[in-house]
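In what follows, chain A forms one complex with chain B and a second complex with chain C.
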Partner chain A sequence: MTLSQLSLEARQVDPSLPLLEVDQLVMHYKIKAGSVSAVDNVTFTLHQGEAIGLVGESGCGKTSVALSLLRLLPQNAQHISGEIRLNGENLLWLSAEEMRQRRWKDIAMVFQGAMNSWNPVYRVGDQIREALDTHYRGVMTYAEQRAHMEKLFAAVGLPADMLDRYPHEFSGGMRQRAVIAMALSCGPQLIIADEPTTALDVIVQDQILKELKRIQADLGMSIVYISHDIAVIAEVTDSLGVMYAGNLVEYGPTADVFARPRHPYAYLLLRSTPSITGPRRKLAPLQGEPPDLLNPPTGCRFHPRCPFATERCAVENPPLEDIGGGHKVACWHWDQVPELEGLQR
Partner chain B sequence: MLKFFIGRLVQMVILFVVFLSIVWLLLQLMPGDISDTLIGNPDIPMSVRLELKARLGLDQPLLQQYITYITNFFFRFDMGVSFSRFPKDVSAVLLEALPRTLVLFLSSTLFAFWLGFKTGKLIAWRRGGRSEQFLIVSGVFLQTVFYPWFAIVMLWLFGFVFGWFPIGRFITAELWLGAPFEANDIFGRLIWTVVIASVAYGIARIVIGRVAKDLVTRERLAMLLGLLVVAAVVGYWAVNPAAKFAWDIVHHTILPVITLGLVAFGAIMLLTRASMLETLGEDYILTARAKGLPDNVIRDRHAARNAMLPVATSLVLALSFVIGGGIVTETIFSWPGMGLLFLQAINVSDIPLAVGALAITGVLALVGHLVADVLYAVLDPRIRIA
Partner chain C sequence: MTVADRSMAPSAPSSELPLLDIVDLQMHFPVSRGLFRAPTEFVHAVDGISFEIAPGESLGLVGESGCGKSTTGRMLVKLLEPTGGSIMFRDRDYERDVAHIKGKETKEFRRRVQMIFQDPYESMNPRRTIFDTVSEPLAVQKVGNVPEREQRVLELLRLVGLTPAENFLFRYPHELSGGQRQRVAVARALVMNPSFIVADEPTSMLDVSIRISVMELMAGLAREFQVSYLYITHDLAVARYMCDRIAVMYLGKIVEIGPTEEILSRPQHPYTRALLSAVPVPDPSQKRTAVEIKGGVSKPVNPPPECRFIERCPFAAEVCRTNPHPPLELRGDRHYVACYRVDEINAAIAAAAG
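Our next item is the complex of A and B:
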């Protein structure tokens, strides 16, 4: 990492090189009643400069995956198996101190509810500077840090003098922009954005996502977007992963997944998303409740709610298999899932 | 800020007048007056008693006495003459005792807050473990203990059994016999050096805040500065010819300060721990960890700094405890401060002295509240007044 990259210039990217590889990740939360199987066998690869999205309903383990990547899981979390490699280096093998040095410098994160990501008692500029002080101690002078932060603020559309303000003086949208500026501050290769815009109104949400998309493309960064809103995420990602109850059930190029979802859950999820542009569709909401992850269903975790389920589904867990063109599905009956009608992109 | 200040000041003055009136009235309503105490002797004829009453103005109607007292208090800054220490002025008697009480209150409050905050912070950070259990139990014990009993036990244990500290009083009389110094002078000088050192430290902190822009340098410089100031004060007194006498006073001060401080310490430690645990669950702590900040920075700069806010509010609560506990402490350690003075005054119906002592205490409490408010505004930018 050099200073020039820090100063917001495009990074050379080779889209064929993997940046982040998550390999059969399994993690549990230990609670009194037993262990919550929050992430089960999740596998995906993120290439340099790529933006991927993870979608799924609340509680399906999106945040748990994100926190695993930074090794920031709460105390009661247990990593069971699997690997997380960044540029080929297994993050799970690093010592706590080595991992600490990777955070923010290599992987930054915009948190769910980032509105509260700011410490109320310090100026926003000081909180960004703190990250620079930690990872680039002695590299930049005070004035250089200031200039860098002003550039960051300009990039997210905030006036430079806001750096001297306290978080409570920012509106929600501004706070979110400032959080993105802070995430960019150390020039990370990867940003994880966990529901970065959930608390904002639709217009601001749209602006911020577009800006993030532009910055990501400009700087050659990679992004993992996390959301429960599949329509929002489809616009800004190259690949899309659909999670259900701790499993990654479908993964592939966003356009493919969006146009031809092959997993019954993804299919029903997309069918229940109202389309503004296309003709009116009958909304078919998902039946039933998401499973209790303390006692997940045997076999395929979706089978109790699945209209295509057979006996096999209750016994054998389908692997995530490539059905052509990098489109992967974990379902025994993916070929029976009908086409989405009337959905236009 | 100025407007806020003036508003508060006016509020405080009004509050004080009301307080003083109530105190005055309540003490007047106590049965008997100084003439009963001084001349309980039946041999003294009634005429002499009446004469005395008249001279002290005690024969006048209550309202007249009240008006006289209040006008003298606010317009001549005169609190009258002490009956029991006639003809000394109440203000002179109080002025002598005030510094001792202030030192006792301030040192024990600072000690309690400093230690309570440190330990509370650490046990919240490293949850679980024996030391946490032990400290919580001790904290609850200190918070609920019957204070006079606790003070006596402390005196007995450290003054008598271990003999580490002198048993009560302010100075060792034998040492000071023929000493070339006045105890009050040395005490005053001790206070002044500490005050000057604190002010110097405060100013230097502000300068550092202006000059050193980044947090790390600021923190390091502040720490260095603190050490320097402490070294300067200790050094100054170590080479002073009055060192021996100064030490005698300090030696007498330590045990009452610790005893009074310990009780407040328990409450503050528990409060800090609870507040810290809450802060540690905040989103910005997760952000701080994601930023790759080292653990001690997350703990001190982010968690503890915010956990401090409710603790600062409790300064007001601590104040009321310290004032009540202060009287008990002064009595048990025969510490010649205002609390002891007040008790003696009540015993002999020396109303002017008693009212005076309470008036000063009231002023202290009001100032304490103001300090707590200002402190809170300084600590929390969200309520800082533009």
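Our next item is the complex of A and C:
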């Protein structure tokens, strides 16, 4: 890579070309009591310049997928099968050193809790410089690094003199902006944003989401959003995947999934999401508790809580099938799920 | 007093008087300037707010972090001593200003009020069983004996949907999920049959599907037992489902207060408008109006006397700079707004919309 590729200018994107392909990923955590089936057969494709969202409740495996993409899983995680291809190269076959070379440069991350992403005793600028030093040692002079960082800060709407400040001098929203600047520092094609706005107030959240959207469009970036907040995902993504108990149960264009959720879980999740607009409809709570993934339910993992479940659901696990227009659902009875009438509009 | 006296019979029908009548409530925290120097600066966390809560009513207190909503809640249950103002509390056989009561009087008052905290993982002692946790208020207030308390706890666990209750009685918090723990917290809050509960973000740590069932539980219990809530939340969508009225706080002041649907459909204060337009909508086909204000909330350390919102307000004018913080004025059905320029702003926005 040369320096010119580091410039903060729009990358040529071809939306028909796949950037990231996750293919039948299976991942377990080994604990004393046995093996926790955290990610089970997850498949999706992210095209160049696209933003996708993974939503689900705690323990559904969305963060495990994100950490798998970065190969930052804890020691007890076991990759069982499947592939993660970035530009056709399987990340899971890379050595630790090769993977280290890819992080920040090809894939960068924006983690939840910007408060904890910074080392409190170093200036923010010096911490971004560290990432640049790792990947461009000897390529950039000190002054070039500084100029680049000032451009990064300008791109996320922070004044350049904040580079010389310590993390505690930043407010929550500013710290999250600085995290985004750091993620952009080495010119990645892909950003993984895990709950990027969860700890922020709504007005600041709105600003950060707009900033990410603008940067994505301006720089031709691809983003994987991970969130429990379905409303946030609705605003910033092109495609949406709904996860439940380690499975990707529904996947498709965001507008389609919101207009016609076909998996009973996605349907019930939308029915139980309060909104400040539209008529004040009755919310439907989901019955039961999420399953224990040490011993996941047989067949479809949602069947014990599903109002549409039949005997077949307890035995056979439904595959993720295309029901038209790239909208995919893993359910035997997707055609019985009612319309969300009067719900969203 | 025995447990039977506090049985779950619904309270008497509400009288005309409000349960809580809060007038000019203040909480100024001193900013430390060193060990031997008297503080000269104060954080005006809550700066002269007044409102009422009717029996059985649920009032939502919304705002960004640092606006003083939690401080307000803590003062109402006497976890903080206000630096000024009065809290008139009228219950069945009880009527007094509780703002500055101490010791035994506080203990007596706390039979009638309870609090539900945000984090069900931190609001319970991990070494005490569910029975210990739920029955603690009874033990502190010396109500009933152990078998009676056990009956009462069983009754409450059933009420909050933890069945079979016998199986939960002697379990520990770590054996329960987040939703179950928050149900235990609700049971603990109800054990003294209080007339008023302060709920500080009770569902914000819970997953969507579990959140709804806890919200429904709390709303149902409020209807059944005539419990009043002060429901503190940053989530306006949740407030819409839980609250009869909403009060919007900004830097220690209530800037707008009114019936929930009225506030959501006809916000009038520029801050409320901004707050509402910043809430993401779970529907990609809808476009929100753009948020007009910038930046985040600052700390109200010795704030200047004029309107608190002036720095971020897109409509600030001369009248806002030369006058003190505007008082709450009636602008509709029980709808009060603290802004000098409401009429101009409404006209400007109506004109812009065509």
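Criterion: the second predicted complex is superposed on the first by the 340 of 345 C-alpha atoms of A that agree within 3 Å, B and C clash if a C-alpha of one lies under 4 Å from a C-alpha of the other, contacts with A are read in each partner's own complex, and residues count from 1 in each chain.
FYI, contacts are C-beta pairs under 8 Å (C-beta built on N, C-alpha and C of every residue); 3 or more make two chains touch, one makes a residue touch a chain.
Bear in mind the structure is a predicted one, so any value in this text is a computation, not a measurement.
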Room on chain A for both chain B and chain C (clash or fit): fit
Apex chain A: angle to the C-alpha centres of chain B and chain C, given in degrees as a multiple of 10: 80
Chain B versus chain C as contact partner of A:129, first or second or both or neither: first
First (chain B), second (chain C), both or neither touched by A:259: second
Partner chain in contact with A:94 - chain B first, chain C second, else both or neither: neither
First, second, both or neither for A:173, with chain B first and chain C second: second
Which superposed partner A:139 touches (first chain B, second chain C, both, neither): neither
Chain B versus chain C as contact partner of A:80, first or second or both or neither: neither
Partner chain in contact with A:72 - chain B first, chain C second, else both or neither: first
Partner chain in contact with A:229 - chain B first, chain C second, else both or neither: second
Which superposed partner A:104 touches (first chain B, second chain C, both, neither): first
Chain B versus chain C, judged by how many residues of chain A each one touches: C
Closest approach of chain C to chain B (Cα atoms, Å): 11
Interface residues, chain A side, partner chain C - complex: 57-58, 171-173, 201-207, 209, 228-232, 234-235, 254-255, 258-259, 268-270, 272-278, 280, 283-286, 289, 344-345
Chain A-touching residues of chain C, taken from the complex the two chains share: 64-65, 177-179, 207-213, 215-216, 234, 236-238, 240-241, 261, 264, 274-276, 278-286, 291, 293, 296-297
Complex interface listing, chain A residues touching chain B: 70, 72, 100-105, 108-109, 111, 113-114, 116-121, 126, 129-131, 133-135, 142, 166, 168, 182
Chain B residues touching chain A - in the complex, by the definition given at the top: 213-216, 282-284, 286-294, 297, 302, 305-306, 379-382
